[in-house]
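Letters are used for the chains, namely A, B, C and D, taken in the order the chains are written, and counting of residues starts over at 1 for each.
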Amino acid sequence: MGPTITRRDLLRLAGGSALGVIFSPLPWKLLDDSAIWTQNWSLNPPLSHAPISLAYSTCTLCPGGCGITARCTGGVPFSLTGTKSHPVGRGVLCAAGLAGHQMAMHPLRIVQACASSGRSVGAVISPLEREKAIAAIGAILNGLSARDAPHSVALIDRRPGRALSAVYRNFLSTVPGGLYIVSPSAEDATLTTLQQMAATPAWIGGFDFEQTRTLLSFGAPVLEGWGSPGQVMDIWSKRARTGFRLIQADSRPSRTARLAQTWLQLRPGTETILALGLGHVIIRENLHAHDIKRTTRDFAEYARLVARFDPPTVSALCGVSKESIEETARTIARRPSLVVAGTDPAGGPLPNEARTAIAALNVLLGTMGTRAGIVARNPLPGEPVMPPATTIDQVPDQSIRILIIDGAESGYDIPVSLLRKKVHPQGAIVSLSPLLTPMTAWADYIIPAPAHLELLEEISTAPGAVTCSYALARPLHPVREGSTDPLDFLRLLSAVTAGAATTIPTRDAMLRARADAIHASGRGKVFMPQDGAWIEVKGLATTEQFWQKLSEGGCWIDDGPAQSRSVSFSLLPGGNDEATRCLALLSGSETPEGSSVTVMPYGVRGATASAQVSPILSKIFQESNLKDLDGTALLHPGTATSYGLADGDSATMHNGAGTMRVVVRCDGAVLPGVVHVAAGPRRNNSDAPGCVGGEGILSLCEPGSDGTWRLTTATIGKAHGSEI
Amino acid sequence: MDPKSEKTARYGMVIDLDRCTGCGACMVACAVEHNVPPAESSATPRTGITWLRVYGMDNGPEDSGRDTAYIPMLCQQCGHDTPCIAVCPQNAVDVDPTTGIVGQVPQRCLGCRYCMTACPYHARSFNWWDPHWPAGMEKTLNPDVSPRMRGVVEKCNFCHARLHQAKAKAALEGKRDIKPADYVPACVESCPARAMVFGDLNDASSDVALAAAAAASFQFLPRLGTEPKVYYRSDRDWIRRKADHTVHSSLTEAEHR
Amino acid sequence: MFPWVYEFRWSAGHLIFLGVFFSVAAMIASTLVAALLRTFRDFRKNDADAVRWHVDFEDLPSSARVCRHELTGEVQHRTCHHEFACGTCTGHPQFLLRHTPAAATEDTLYGMHMPGDRMYHRGHTWVRKEDDGTCTVGLDALAERILGDAGGEELPPAGTEIRANGPAWRMSSQGTPVRILAPIDGTVIATGSREQGWYLRVMPREGCFAHLLRGEEIRPWITREIDRLQYAIAPDGGVPTLADGGELVGDLRKQSAGADWDAVLGEMFLEA
Amino acid sequence: MDKELIPRGVRRTTPGRFLLWLLPWIALLGFGLYGAYLCLAEGLNQTNMDNRFAFGLWIYLDLTVIALGAGAFFTGFLLYIMRREELRAVINSAVVIGLICYSGAVAVLMVDVGQPLRAWFTFWHPNVHSMLTEVTFCLTCYLTVLIIEYAPVVFKNRKLRQVPRFLVFEFELHKLMPVLAGIGTLLSFFHQGSLGGLYGVLRGRPFAFREELGIWPTTFFLFILSAAAAGPSFVLITTWLVQKITRKQLVRPEVFRFLGKVSGILLLGYVLLKTVDTFIWINATSPSIGFAAYSFYRSSSFGTWILFAEIVALGLFPALALISKRMCERPGILVAAAMMACCGVMLNRYVMTVQTLALPTLPFDQFLSYAPSWQEVATFLAVLAYGMLLYSLSFRYMTLFPQERELSRFPGR
């Protein structure tokens, strides 16, 4: 009988070996490996390993038309940059454009036809088969065509001048009472005003920024998204060398106002007075163009009008010192200089008389048609000559039975209330927007168009540019299943509509037609993003070659501005009633009574209440105090305390139109008694799909008789409870 | 390997505050480049992940005339007594001697946030949330930059991935040194006002070296002795005065506040 | 951390820091190991009981550790630090030189039968040397009184080695377990019972009687013990005097049923 | 069962009442653990900390409890190294308090870090120049020491001591206590110091930055001294509290007086050094990096009064009170002074953590404010509850105050 093994022995063995293992490299190796493993471990999405390639396109988020160079992996773009030395974009993109490639994946993207339960904020939006939706719209159309209501069918195009716009107009011309409505972009506002003042209506102009030295802007957000950002930034950053000077007449301490060399902080709604006051000084000191009598038709009347606007009076009314008024007049008189009327992306345009008064200064200074001033621009080849389109404020109330809202963003807000006024109570609203916005949520039917960079689109002349340009926006994403090309929408609609017998062209044909016309004109040259080369159009034998270049991402630019024909203008197109309207202003505007304050909505182009910005862009608004989130109310500290409010407080604003929550931000630079409220963008993921937050402050802004909503009054007080 | 095989660089940046308009393009470009997830709905300016953040600065009441400057604040890549390196308990922060770039190793980071308290420029962000992208957006992530997990600190590294790309390119072309044009951080590339200059400060002929040496250029909080490699320039005195934090200004600041 | 871990740096600071850390860690570990080894050693030398007595003795209140020479009044104040092992005490022999305790004069103290023909242990056991060289071990009267109608003796079987101050046997007094300390070293050769008046017959080891109380030492000791007993029964001083007319009351248990007898037993039988 | 666990000869309340006393603390612990769970599961967005206030309530809590827990090492040091036998009366209690404070601090730290699973990386890739590394290493070692020191207390429980192995192991371990006490002192010395160094080295935070002595900033030494001063005071307070709550005399009055004296002397030393340090900081350190020390105290919430309170009201006064014999005769004053001393040290930790972060460094910066979220507070309360429970159980079933048994027999002796 050999040695018997007891349990104790086994335990000893186990213990011993355990001890031994500790001193062997094994456990340490295991630890080190697990360390490395835990370091690489994460629940994050896997990254693509496909090779990286470059793709060229054009940004369609705003009418600017900046060139895009996209870095793609496996055909999916992951980063955008401005195309180097691009003639329009100047090699840069704005904050919005840089994240443009993510718009197609926006959480509020709509990818199927929908019908809304009602027109209130947060109405339930439920999917509906596309054909059914269009059939329903067609049915209404057919019903209408019987009795001819004034404007039974209207379409709002916020990006006029596209080939698509022409197709829209054709379609509408075939349906009874069809009406084509445009909302011009801010840059065009001044030019369209001048157009109305010009004797020859065909006249189109552009701002010759590059050359100008002094820019007097009445509230135009020049440095915050105006014209094509690349160009403006280029001019701005070179100012030290060129001596470019920005004078900003603005009531709000906007970024532009803060940065401008001169900031004339005028009282809200006194732009007209200031403009006429400047006119007064210019005439008094004989600073106007000497050939003024020849270039204008009603100089005498104008002179008589502005005579009443002497600096002391003006200064008293708009709160700008008499000296700085005179100083400004003299500065802009030192040409080359330009005067532009502003439109706040959310606050909307200035009233008519203000626009004319401001535009008149350009005529007065003789910048019209001269180098570095406002120069005539050749029309884009192939652009059909049509009578000027209607603007929304010209439409009689409750006259629209079917309102179709095109999906393209101008970057500028239209309050839903303004549209609501125009639409008949029983009318139907159709939205073609690919994103869920307050305006979309308000529609009865949604036929979502493909998103940004999903569709072959065109970008023509940037607003206010002196030479026209043309480029194609090549798709970087495949079209998402369920979205509908507006052309297909029209086709389907005309199919179910009696009488609408137009043939809708295919997208390709539509764009080629433009390209062919440009090629036929033989003007200009094409910029190629791949190598930055320029190709004369004349050098391209066939239209096919030209099309090829464009679809490779080429950008066509016209040869310089048109040779200026001397055009005569009327300084008071409105005649006597306009003069009287202006004179009425001298009696001073009534200050808001009692506890209420003057409210001015403001926004950033493309990031307004009715828009959706890329989730990454909204980081800026949300995670830095660089820009203001929707519902931020800027107050003068004094005003705040007088209403028992402090910085960071949550307050409620109320007036006849409604009530809303705001977050108070005190800023010493704000005028007392004025509240500037940011309209959009909302916090990220804050509005769940299917129910989008309201259009914020705009819901409090009742559009006036002149179609403006930039000024309104409301009461403000500390918020208590959970009132929305 | 032979140490001379790679000449040591000192990458730096000069930001022209007279050009910056505070448009925020650099912030977006940075976020897109580095796969920073969209903001959580409850994120605030103090909980956001902003490697680069643009601040607004007004001249105090003591100055006549209202003036504002916008200041892009990113990791200043301190070149001496780098506050964040010494404090990290587990070597998750290190400086690359060949580039002078202060690197952060999120995979190593414990999330103690000691480095954030140490940083005088508030240039570091903590991942308070799990990173989360809307459906489909994860396909648009930059393949060169791995996303960070919750609970770790991150910061600007002068687009290190781009440096790697440039090196790879140079290696492919059989060159030793990279072409300056091949290595440009996202913010510099995107700035619409061209307010940022980037390059090797050791290369005396480079734009950045010249700009940094110029009279109008300055650093923020130079007296801390951290010798930032990110310089700023402006012709406006009040900005330079504020940047160079002195006993006097600190008092007036407090007065102001 | 370790030279083979990625990113280990051979810098001075590194080496100093880690050096210190490792030595500290090593010290902590070795302390633990040392304690364990010593424990095993004690068990091999089966010193467990000695240790237990040592620990118990450490925990005894000083009132329970009064030196026998203080009891007899030879010295004003003296507390025992030798676990009642007078053999190991340096002071004890000198005291003996100065004064050898006289024989006891009476057999009854406070009405208790405490014969002077035997030696007493501080744990209330007595030892009587028999003529055949063996010793009889029993509980003294005070112990019997305190235990009341105790029972459940677990006496060690014949042949067991017992050691002075080690546990001799166990019994329970109304549910409370009590261990009785052995008065002397030796081997058990027979066991008795409570009825017989003795519990063990022991073959003692040579010269292990030095620490036992005898003769005139007994009275002051018992006096002090009764004193302690009184405090143990009624800590707050309000003592129902146990001795009436020099006699200890009959049934202590009945007399003061409210007392914490568990504590009393621990106190009187020197068990913590 | 319960009875057999309670040490012989000491009076303890009935199991029922004891349970009643435990229940609220158990409830609080549960609530706190839920808060902590949220932070671990959902991430630290549950807290109100942010990129600018990267340290919050938790770090403050850690600094404070570790300072108060210093009683364990310092009492041990005085007893085993300095051979001050009178402290044997409180050493066990001090050890339990130390264990509670340190284990609590470490637990909270585990919730505080973003990636708790990587906590051990500090050992794997240590950066030896970081004060935090020093803290982590010392803390873990010292926690081990405390557990070892706590073991004998447990083994001596009446039931456990019946097991011979436990008893003998306890006995042998106890013989080696001086070694552990020595190590403990060394470790505490370093981590208390590095906790101070934590802030002293922040050259980016002019409010906290201090000159270096050798390789350590002055705060290193100030923290050691202040902790050593607060420790005994805290032991004094807790013992006094337990006496009040249990309505028993547990230690002899002279122990209180001795603790008070020790605390007082150390506190006086601390106050003097702190004063010198503050003057150097105001006149040299802070101006040299472009910040006027005065500007740090411009904000209403952190005025100069805080400096006065820290150094004089809660520093000098209690120090003098604790030293003076006459004052210490009166237990009321003694305890009050000890409390003031602890508050002073707590205030110091608070200022170092909160004011340091609240103050702006960049010229366009604001003075920041921070209020902890309920999850943070809950986690904080969990530590409190845990401490209460562990101490209550230890007090009931173990001998925390060896003199209790005798004192209950011979009151006043």
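Here is the rule we go by: contacts are C-beta pairs under 8 Å (C-beta built on N, C-alpha and C of every residue); 3 or more make two chains touch, one makes a residue touch a chain.
Everything numeric here is computed off the predicted structure, so don't read it as measured data.
Colleague: Figure out the least number of contact steps between chain B and chain C, where 1 means they touch directly.
Modeller: 2
Colleague: Just by CA atoms, which chain is the most central one?
Modeller: Of the chains present, the most centrally placed is B.
Colleague: If you take the mean of the Cα atoms for each chain, which one ends up farthest from chain A?
Modeller: The chain lying farthest from chain A is C.
Colleague: Quick one: chain A and chain D, Cα centre-to-centre, how many Å?
Modeller: Spacing between the chain centres: roughly 60 Å.
Colleague: Taking each chain's centre as the mean of its CA atoms, how far is chain C from chain D in angstrom?
Modeller: Roughly 40 Å, centre to centre.
Colleague: I'd like to verify one number: the distance from the centre of chain A to the centre of chain B, where each centre is the average of its C-alpha atoms, in whole angstrom.
Modeller: Taking the average C-alpha coordinate of chain A and of chain B, the gap between them is 31 Å.
Colleague: What residues in chain D touch two or more of the other chains?
Modeller: 118, 121, 124-126, 129, 133
Colleague: Mind pulling the residue numbers of chain A that touch at least two other chains?
Modeller: Those would be 32, 39.
Colleague: Please output the residue numbers of chain B that touch at least 2 other chains, ranges allowed.
Modeller: Within chain B, residues 40, 44, 47-48, 55-56, 91, 108, 130, 149 contact more than one other chain.
Colleague: Chain A touches which residues of chain B in the complex?
Modeller: Residues 16, 18-19, 21-25, 27-29, 31-33, 36, 38-41, 43-45, 47-50, 53-56, 66-68, 70, 107-108, 130-131, 133-143, 146-149, 186, 189-195, 235 of chain B touch chain A in their complex.
Colleague: Would you tell me which residues of chain A are touching chain C in their complex?
Modeller: Spelled out, the residues of chain A in touch with chain C are 25, 28, 32, 36.
Colleague: Show me the residue ranges of chain D that touch chain B in the complex, using the header's touch definition.
Modeller: So the residues of chain D touching chain B come out as 43-45, 49-55, 112-115, 118-119, 121-122, 124-127, 129-133, 136, 198, 201-206, 287-292, 294-295, 298-299, 356-357, 360-368.
Colleague: Using the touch definition up top, name the residues of chain C that touch chain A in the complex.
Modeller: Of all residues in chain C, those touching chain A are 2, 4-6.
Colleague: Could you pull out which chain A residues touch chain B in their complex?
Modeller: On the chain A side, the touching residues are 39-40, 42-45, 47-50, 52, 73, 76-82, 92-96, 98-99, 101-102, 104-107, 223-225, 229-230, 233, 236-237, 240, 255, 258-259, 263, 615-620, 622-627, 669, 683-686.
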